[in-house]
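In the two complexes that follow, chain A is the common piece, with chain B as its partner first and chain C second.
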Partner chain A sequence: MSRSIYEKLRKIPDGYIGMISILFMLIPVLYPLGLPLPVSAPTKGFYQTIVNLPPGSIICIDSGGGMASWSEFESSMLAMLKLLLSKPIKWFSWGTSSDGPVMTDILLKRIDPAKTFGKVYGKDYLTLGYIGADEMTIAAVAANTHSVASVDFFGKSLSQYPLWNEVNNAKDFALIISISGSCTNMDVESRQWNAIYGKKILEINMACCSPMSINYFPSIMPGGLWGAKGGTELEVLSGFPGPGARLTDASNLGLIPFIVFLVLGNIGYIGTKYLMKEEEGAKK
Partner chain B sequence: MGLTALFLIEYFAAAEFKAIHDVKGELTRWGTIVSGFMLVFGVVVLLRHHFLQIAVRKVNWKDKLYSGVFFITFLGFLGMGFATPARVSGADYQWIYQNMYRPTGTAITALCFFWCIYGGYRTFTVRSWESAAIGLGAVIYMLRLLPVGPYFIPPIEPFGDWLLSTINVGGTRGGTIAVGLGALVLGLRTLIGKETGMLEAVKE
Partner chain C sequence: MSIGEIWAAWLFALFSIAILSYLWKVNIVYRLAEAFSVGSLTAHTLITTYTGTIEGVCLKPLITGEVVRIVPLLLGLLVFTRLMRKYAWVSRYPTAILTGVGTGVMFGATFDAQVLSQIGMTADAFKGADILGAVVILIGMATVLSYFIYTHEHKGPLGISARIGRVFAMFSFGLNFAGELVWYLTLMVGILIAMVDTWIKGAILGL
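For the complex of A and B:
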């Protein structure tokens, strides 16, 4: 190939790159791919850990994440909530981010636990609002749960709910589920829940954070859902269909142009460099 | 330094030393309160900065406009939060959250996606063996994430899993242990006065 072709490969205008990326993301919206999706080991672990909990177990959900990454969390959180509500277990969530409790509430309204699963708020599940101070609050929830809040997400006194009176500290929780948009989230969660109280932690996080979180799999973290793909896998395993397949197709097909342009850019770079070396050799 | 020492001792102290655990627990609660207060402090500092930009400082009209938009949006959002009967759990506030905050946040993330593609194309060039390894690992990992990856190249799934759970875990665990040990050594050196770098940085 001539040098000009390599140089052209290095200088594709931003406009073309953007247009091609948009086209790729539009494909699954117009024509859903429906490709089979193999279920990964962390998702299997996530599902099995919840399914194997004894009836009456209480789960503590550290609900973080952000609205900006809604497409990354929606399918995972929705599938997880449906799975939890379908089992004879109890759970309460509190917000480690300001968006976390709002996201949980939006999804719960969509599910309608009372109508769909016959679950009672305050008895089978409970949602608290955002409680700041990150790791220190996690430590406080684990040490003395009642010390961190007196009202629930709706501003009502927590003392009226039977579930709130069943939890005092980490010893009352059978499992921790951590939802976060931070790639070092598992470092914090494992320090507070596992190192001190020996609790197992399941994680829901963005796809890009799985290389960091996987360090804790499977001994501390028996399972994890990362990105829309993790949510889709749980939808398949739990039998609760949701938005995961559409989101996975769209977000993942968006990665194809990234890979294509990464490869093209490098072909251009290596080609130009190689030809330059040849030209220098010829001059000598 | 005293607080650091206390937290360090508490971690290793047996359960019989109840006083140490109680003091640490109380200080942790104080930390929560201080952090909450810092949020308010941050809001005040931000509002003051933008108020000065609008009303006092001699800056160009664009900066005044940006600050004005921020100022009005923040106060408006805050006011609506307090004005709606059920506060943040109310339907009014959640409508604002769903229809204003969420699309804005998602749009910003979507813009980042395009910058990632431009950045990957323009800067992620294979200039050494190390960058080649990182690039190859990234491509394999991304192909593993795609539904089309394992569909058209079946070995990409187990190979990607192996890369993630063996090569990646070995590297990051080593890094985490090194950082942990480094932080401990640095902390201990600071405690005994051998590490003065941070103090000098504060003086500057």
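For the complex of A and C:
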């Protein structure tokens, strides 16, 4: 091939790749495909850990994440909340990010726990608002839960809720679920919950954070859901279908142009380099 | 759909298209949408921080008689002395306390959680059925660590180990890059789904 072809391959504009990828993604958005999806070990661990909890156990949810990554968290959080609400266990969540409690509230409104699962707010589950200071607040929640908040997400006094009076510190929690948009999240969570109190942690995070979090699987983190794919897998396992399948199908198809252009770009790069060497040899 | 929802769907669609116009080139519409996005995010963070942290953790307990809550409130207010050149030095105190407490909280458990437990997990892998996987993890850990030995020239056995370590590290970077790409694509899919379901089907076609 001539040098100009290699150079053209190297210089395909980014925008073209993006536009072709969008066209590919639109296919499953308009016509759901239902591509097969094997369930990974971290998702199985996530499901089993929750299912195996004794009745009456209380879970603490460190609710982070961001609305900007809504589609990464939606399916995982929705499937997790449905699974938690369907079991005879209790949970309370607090916000490690300003968006976390808002996302939880949006999903709870969609689920309608009282109507769907017969769960009572304040008795079976409780949601707190955002409490700043990151790791210091996690340490405070673990050491003295009541010290970090006086009102719930809706601004109502926490003392009126029976569940709030059941939790005092880390000893009262059977499990921690951490939802985060930070790739170093498991470092923080393991420091404050596992190293000091020996608590197991389940994680919900973005797809790009799985290589960082997987280090903690399965000893400290018996399970994790990363990205829409993790949520889709939990939807399959728990039997609560949600938005995950459509999201995963579309992102899988959207990847195809990127893989093709990645190969073409590399052919262009290697080809140009090879021809340049040949030209230099001919000059000598 | 209510009128409010239709308005919201149109706003969502227009802003999404404005942001996507970046694929063509950076333009005024994109810049405008970007500025709106940053502004609204700042406002949202301010409000949630006030209601959740300042009001929920400090002001309300203070009113009910927990006088000690005045300490974080005062420390927080002292940060604003940075805005006055004459008293800017005062802001160093809350910063120093925050840094000191943060370091203390973090440092105590770091060695246990991130060093000892990681070594323990590498050894634990041999207890499972996947011995080959455990061997790969052990080789990966040892060779990547050897890559970061800078006090000795990377020659001989150390050189070989460091080169193998570099390959393992590159696998990890590749995985990170792939994860980033999937993340961006999922965000894009989320926008496409919302545009098709909420804007086209809901607001325009009324389905």
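One rule holds for everything that comes next: the second predicted complex is superposed on the first by the 282 of 284 C-alpha atoms of A that agree within 3 Å, B and C clash if a C-alpha of one lies under 4 Å from a C-alpha of the other, contacts with A are read in each partner's own complex, and residues count from 1 in each chain.
Rule of thumb we're sticking to: contacts are C-beta pairs under 8 Å (C-beta built on N, C-alpha and C of every residue); 3 or more make two chains touch, one makes a residue touch a chain.
If you're wondering where the values come from, they're calculated on a predicted model, not measured in any experiment.
Look at A:29: by the touch rule set out above, it reaches chain C but stays clear of chain B. By the document's definition of touching, both partners, chain B and chain C, reach A:210. Of the two partner chains placed by superposition, chain B and chain C are both touched by A:136. Once the two complexes are laid over each other on the shared chain, residue contacts for A:117 go to neither chain B nor chain C. In the superposition on chain A, contact is made by A:266 with chain B only, not with chain C.
When the two complexes are overlaid on their common chain A, residue A:220 makes contact with chain C while staying clear of chain B.
Applying the stated touch rule to the two superposed structures, the overlap between the chain B and chain C interfaces on chain A comprises residues 14, 18, 21, 68-71, 101-102, 129, 131-133, 136, 139, 148, 155, 187, 207, 210-212, 215, 227, 229, 254-255, 258.
Note for the complex: chain A touches chain C at residues 14-15, 18-19, 21-22, 25-26, 29-30, 68-72, 74, 95, 98-99, 101-102, 128-133, 135-136, 139, 148-151, 155, 187-188, 190-192, 194-196, 206-212, 215-216, 219-220, 226-229, 243, 246-247, 250-251, 254-255, 258.
Considering their complex, residues 23-24, 44-45, 48-49, 51-53, 55-57, 60-61, 64, 98, 101-102, 105-106, 108-110, 112-114, 117-118, 120-121, 124, 172, 175-176, 179-183, 185-193, 196 of chain C touch chain A.
Residues 12, 14, 17-18, 21, 33, 35-38, 40-41, 66-71, 101-102, 105-106, 129, 131-134, 136-137, 139-140, 143-144, 147-148, 153-155, 187, 207, 210-212, 214-215, 217, 227, 229, 248-249, 252-259, 261-266, 269-270 of chain A touch chain B in their complex. Put simply, chain B touches chain A in their complex at residues 25, 28-29, 31-32, 35-36, 39, 86-89, 94, 97-98, 101-102, 105-106, 108-109, 113-114, 116-118, 120-122, 124-126, 135, 138-139, 141-143, 145-148, 150-151, 157, 161, 164-165, 168-169, 172-173, 176.
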